[in-house]
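Got a structure for you, questions after.
In order of appearance the chains are A, B, C, D and E, and numbering begins at 1 in each one.
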Amino acid sequence: MTNDVQVEAPQAPPDATPTFAMLRTLGGISLISGLLVVLAYQFTLPIIAENQRVRTEQAVFRVVPGAVTKRDFVLTDAGLVPAGEGVQGELIYAAYDAADQLKGVAITGVGNGYAGPVTVLFNYDPACQCIVGSKILQMTETPGFGDKMETDPEFLENLKALDAKLNADGTALINPIVTVKHGTKTHPWQIDAISGATLSSNAMGKAANTAAQRATPAIQRDLAKLTAANHTGQD
Amino acid sequence: MSNGTSQDPPKGAGGTWRPMIARMLAGLRPASARPGGHGSGLLRIFRKRKTFPHGIYPVEHKEWTADKPIRRLPFAPVLVLPLAQHRGAPSQPLVQVGQEVVRGEPIARAAGFVSVPMHAPATGVIQAIDLAPTPEGPKTMAIYLKVYQADPQQVLFDTGHDIDSMTNEEVVAAVQEAGLVGLGGAAFPSHVKLMPPKDAVIDTVIVNGCECEPYLTCDHRVMLEQTDALLRGIRLIMRITGAKRAIIGVEDNKLNAVDQIRAKLPANLPITAEAVESKYPQGAEKMLIKSLLGKEVPVGGLPAHVGVAVFNVGTLAQIGDLLPKGRGLIERVVTVSGPAVANPGNFMVPIGTPVRFLLNHVGIKPTLGQVILGGAMMGMSVSSIDVPVTKGVSGIVALERDEDDPARRQVYPCIKCGECLKACPINLNPSMLGELAQAREYGLMAQGYNLDQCFECGSCAYVCPSNIPLTQYFRIAKSINRERKN
Amino acid sequence: MHAESLPSIFLNAAIVNNFVLAMFLGICPFLGVSSKKETAWNMGLAVIFVLLVSSAAAFGINWLLVNLELEFLRLICYIAVIASTVQLVEMFVKRYSPALFRSLGIFLPLITTNCAVLGLALFQTQKEYDFIQSLVYALGAGAGFTLALMLMAGLRERLALARVPDVSQGAALTLMLAGLLSLAFMGFAGLGGSHG
Amino acid sequence: MVKGIEIRTSPHLKRALNVQQIMRSVVYAMLPICAFAIWQFGLSAALLLATTTGAAVATEAWFSRLRGAGNTVADWSAVITGILLGLTLPPGFPLWMAAVAAFVGIGLGKALFGGLGYNVMNPALIGRAFVQAAFPVAITTWTPAFAPSRFVELIPTTLTAPFMRPESVTDWIAGLGVDSWTGATPLAMQKFQHIETPAWDTFAGLVSGSAGETSALLILVCGLWLAWRGCLDWRIPASVLAGAALTALPFWLVDPGLYPSPWFVLCSGGLMLAAWFMASDMVASPVTPWGAIIYGVFIGALTVIIRLFGGLVEGVMYAILLGNAAGPLISAWTQPRVYGAVKKARAKS
Amino acid sequence: MAELPKHQEDLSLDTFVRGLWKENPVFVMLLGMCPTLAVSNSAINAISMGLATTFVLAGSGALISGLRNWIPKQVRIASYIVIIATFVTIVDYAIQAISLDLYAALGAFIQLIVVNCIILGRAEAYASQQRLVPTLVNSLGIGAGFTIALFALGSVREILGSGTLFGLHLFGAGFQPWVVMVLPPGGFFVLGAWLLLFNWIKQRGERRADAPTGVPANAR
């Protein structure tokens, strides 16, 4: 105790720097810092925005084969709203081919896997009311196990025509998408789990189900907007 | 010299292949069922004997000597009487070289309160007062007494006390005059124990007849053969200490001694004899108090602080025998046994008899490897068998060389099996203490892990499968800590 | 957006994604202050304390910056706030609880450069936790840090008495131990997530 | 006659049970389990056990030479590590991976810290945890027990070339003609489909799983023999099993359809083997008697928690490693009360 | 704070080189462990992190060195932190601009460069006392040492853990990756293994050096 006190006792510095000098220095440094940061921010902002746009676009084009353009919509309670109109919310991406035909709608879903959330982008085909493709955006599953969701052809087969039909009211799926144990898939709305990676497979099922449950009612209701929006975009 | 024909204590004999097969078969049996085994204690739960927690069950081999009555041997030509046979200050000689002494005559006087006088164990002449070997190693001063072999060796120093009319102080003084020390092995002057600290009130005298050391049966024989003297001694001690009761604690491997004592117990005195579990170290003061009374001597305290005084049966028998006669302690009962002894037995041995003389009488086998004064667990291995039997030597154990099994000696690192924790009677953590000792953290051993409570019973080293000399480590650590303190 | 339950946040930060053993945050004090159980315990308490205070402070700062649309100053503000928070805590503890200061005092300056503190502030922002969630997250992270530190200290105290070969003395041994602990903590994967 | 007597320090008697004998007894106790594993899984299991044992012994010999510590193979502890490791791996585990596990277990788990007596965790489990993290697919590839051809052909993955990925066993299993093979161990079936395998099958070991973990009955018998020999502390397996059963009990009472019965918990997976042969590893478990009980209950409870709520099917390995890690703390907090120590009377210096 | 004698170091090759080995921040000084372990699961991440840290080191070092005579010692730590945070923010945005994938891989550890003890340590011990050019050279040396150490870790972890280096497949298609290497325990193990190797080399060197001085080999 006594030792501590002695060590901590302020030994009045012989040449005490005036408070003003300290404030001046700190202020000066803050000024320089602020300046540098703002410069960097301003300079990189458009590049970063462009990067983000390209990244999303690439993901969407990969999950919707044949697409060359896309338009973003915000999912709201009132239906789909074209992005960029000041409305915040989850985005969906309508993708079009060279002939401006709607090739599919990219929707995102999240499911909890073995080691954390798995974020997946799905290609929803409004015509057949099914999921016809997928791409994992982010996951922390064990390499060699969970990543079979991306590589195992048998598993990917599940996601080529996954039934996501809406019920009569158009508010929810008739049959929720579920993951069933390996080798027991009997219905088109089921996902056949990867043997040995059941939790990761479950995550995929949950992601597909949440994505479809949230987005498909709005998409089916505002399907016209998706195709129409494209034409307005062409004008 | 002796080839030990008549009475071989059972130990592996036969061709080379038979013991091999026997050992292989033995390997499948539980450790507790093998010689030197350690019981798991599971079966012992069903016995309803008083006992303390932990401790060990070494092979006892008391059957080799338990039914051998105490015999006298011829006198050795020269008796060696170290001046420091007891704890405390060494006695001061009262005789000169060349002086003739009579058996029983005082030859040295007490040098203070914690000291006792010494009496001539035989009639003879003082040959020298010189250095003599001791079991501890360094030589100390001793009186050499040449025995007159032709003398009838009668004790002529019967001063005779009327103990009933003496005051307590006079009895205590008489105990000191008789040169009495604890005969269980500690050799602590008995009269000191009779004067407990002022703040302690003794209400119970515990008479220690446990004799938990393997091989030893001298106390057992004393209880059987000197019961009257023992009871006399107990009554005397109870009177002096003012204790309200006395309990004689005897291990249940000596139930005939319990029966014998009970048969002779006077009806009007609060003395009882109780059998306790046969377990090492049941005979340690603190353990016996725990077993019989369920009390624990506080750390750093004396038995007197829980109202108890503990005396060994041998000591009390001597008090009961010597005090009324006014004689001094000149002989004691010693068990000579062990696998390397041809004719083990119990002997009344004059103090100062060289160990060599005794061993020659019982005969030793050529396989002799080690001679121990005291018991096999806590006794001291001697470098020379020319050392004499002193007041504190309760037994001489001769062990065989065990070079046939070198693997037993290899020291492995501590594997943290925890056996030592389950063996330690005072609940230390010998495993940790051993690791600390190897790292030379002696200070931490004492401050954090209660090293000073260890009384070196050796239970931890006995059970250690890694053969770590734990007891030795603790002795070294304690002595280094003592040096650092000074 | 984040409807994570509070126990799940706590478990995740403390055990499943232990700050030290799975996220590599606070490695320096983990390696440096883990040779004795007592110091490790005191360090752990100090870190829990600072984490809670700086988490609350960071939450406030972030709210302010988002409202002022000055997010690009977030890092500078966080680090400045954390450094001064630690300073304030130190002064406060010294003034009002000298006993606590004696046991925690020497660790407080060390904590400024403990990346667990800044890391926590950044992660709670990234995960968009609300105020209560942030505090639980901080508590979990601190508990996890303390747990890892205590386990490490126990093992290192034990190994201090071992015949460790010369080659593996020092930092190498500590890192390998950390690796083994990290390996053992993999057993917690998926805990609190799959059924929750 | 009496020349050359020796001087030693007390005590002069020693119990006739040394480290080497303890270790050898453990090896004896594991031999019946090995035999059962070989009978159940055939040649591949035999090769697997031989590989782990050989690699463990070779690693031990190599490191003891590097350290100049003499040959420490003779203490048999490396043999135990090798056999145990083999028993915990799937029977078709590629041999090169098994050798890696043995090398890591002995090297990283033991030699690094100074060899026998100083390892902080069970070396066999370190080896296994390492390969579990390194090769997660191979270590969860199960093959059927009592395949008809088990004594004439190897499981195809066994002889995978070093550093190569093992091929899929799906087709091979299909060709075996084993009925109703689902590719899952009883534990996995319980966890994901909530189908409890009949108790007798798991108890007797007529199911698939790691090479030596299937027969709870046999392990129990061998473990009890070891305890009777005094070569392990019965407190640890007893408290591990009790901890597991008691943790599982309330869940099972609430929903027996979803949660496994305590009986199933005890007999399935590696719990029995781990409780008797791995949690009881003397070196890495707490040394105090009460510490051993706390440690055991902790492991048992954690195993069940990981099994029921974690991402893994079996948690006993991690539970033991974590128990080992907590061992020194448990030991320190359960130091026995010394004889005569009074609670508050530590005033005297 | 005692006034240290402001020894002005002459610029020499050593100013740069000692950061590579003798004062290697990771292997010798054991500083900056958090980013070292966290982002070294692939070679490209490791090198990016190394370069980012080098940039912050050099930038903040230069600024601090330039301002060293104007910064009162009472507020020097606060000033250093603000300056360092500035450069870290710049790097943060720069990496986002260069590659979003890289940014995602490095995660929060870019921003955590702020609390990397190497940088504050250098600022305090070197930049605050030395002239601009030596500071710059020294910072680059330390940064290079950090980058090399990160690469040593990252390459081993990537080769074993994924069978690739900079994303290129090194082995045939049948190669079995050691997944543990890219997981957290692998980081500890690989760094521990490097330190073991260096210890071993050092001790063997010492033994060699001892040998000719008359100690017989069997004396041990």
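The definition used in the following text is that a contact is a pair of C-beta atoms (placed from the backbone, for glycine too) under 8 Å apart; a residue touches a chain by one contact, two chains touch by 3 or more.
Keep in mind the model is a prediction, meaning the values are calculated, not measured.
Peer 1: In contact with chain A and with chain B at once: which chains are those? Just list them.
Peer 2: C, D
Peer 1: Shared touching chains for chain A and chain D?
Peer 2: Touching chain A and chain D alike, sorted by label: C, E.
Peer 1: Could you say which chain's mean Cα position falls nearest to the mean Cα position of the entire protein shown?
Peer 2: Taking the mean of C-alpha atoms per chain, the most central one is D.
Peer 1: From the centre of chain E, which chain's CA centre is farthest?
Peer 2: Result for max centroid distance from chain E is chain B.
Peer 1: Farthest chain from chain C, comparing Cα centres?
Peer 2: It is B.
Peer 1: Per the centroid of Cα atoms for each chain, what is the distance between chain D and chain E, given in Å?
Peer 2: Distance between chain centres, rounded to whole Å: 40 Å.
Peer 1: Let me have the rounded angstrom distance from the C-alpha centre of chain A over to the C-alpha centre of chain C, please.
Peer 2: Using C-alpha averages as centres, the distance is 29 Å.
Peer 1: Would you kindly tell me how far, in whole Å, the mean C-alpha position of chain D lies from that of chain C?
Peer 2: Centres of chain C and chain D (C-alpha means) sit 33 Å apart.
Peer 1: State, to the nearest whole Å, the distance from the C-alpha centre of chain C to the C-alpha centre of chain E.
Peer 2: Averaging C-alpha atoms per chain gives centres 22 Å apart.
Peer 1: At least two other chains touched by the same residue of chain A: list those residues.
Peer 2: Those would be 33, 37, 41, 114-115, 142, 144, 199.
Peer 1: Hey, what residues on chain E touch two or more of the other chains?
Peer 2: 78, 82, 85-86, 89, 93, 179-180, 183, 185-186, 189
Peer 1: Could you say which residues in chain B touch two or more other chains, in rising order?
Peer 2: 413
Peer 1: Show me, using the given definition of touch, all chain pairs that touch one another.
Peer 2: A-C, A-D, A-E, B-C, B-D, C-D, C-E, D-E
Peer 1: For chain C, which residues are in contact with chain E within the complex?
Peer 2: Going by the criterion above, the answer is residues 21-28, 31, 72-73, 75-76, 79-80, 83-84, 112-115, 117-119, 122-123, 126, 166-173, 175-176, 178-180, 182-183, 186.
Peer 1: Inside the complex, what are the residues of chain B that reach chain C?
Peer 2: Per the touch definition, chain B meets chain C at residues 413, 435-436, 438-439, 441.
Peer 1: Which residues of chain C touch chain D in the complex?
Peer 2: 37, 150-151, 154-155, 157-159, 162-165, 168, 173, 176-177, 179-181, 183-195
Peer 1: Using the touch rule from the top, collect the residues of chain C that touch chain A in their complex.
Peer 2: 17, 72-73, 76, 94, 98, 101-102, 105, 189-190, 193-194
Peer 1: For the complex, which residues does chain C have touching chain B?
Peer 2: 160-161, 163
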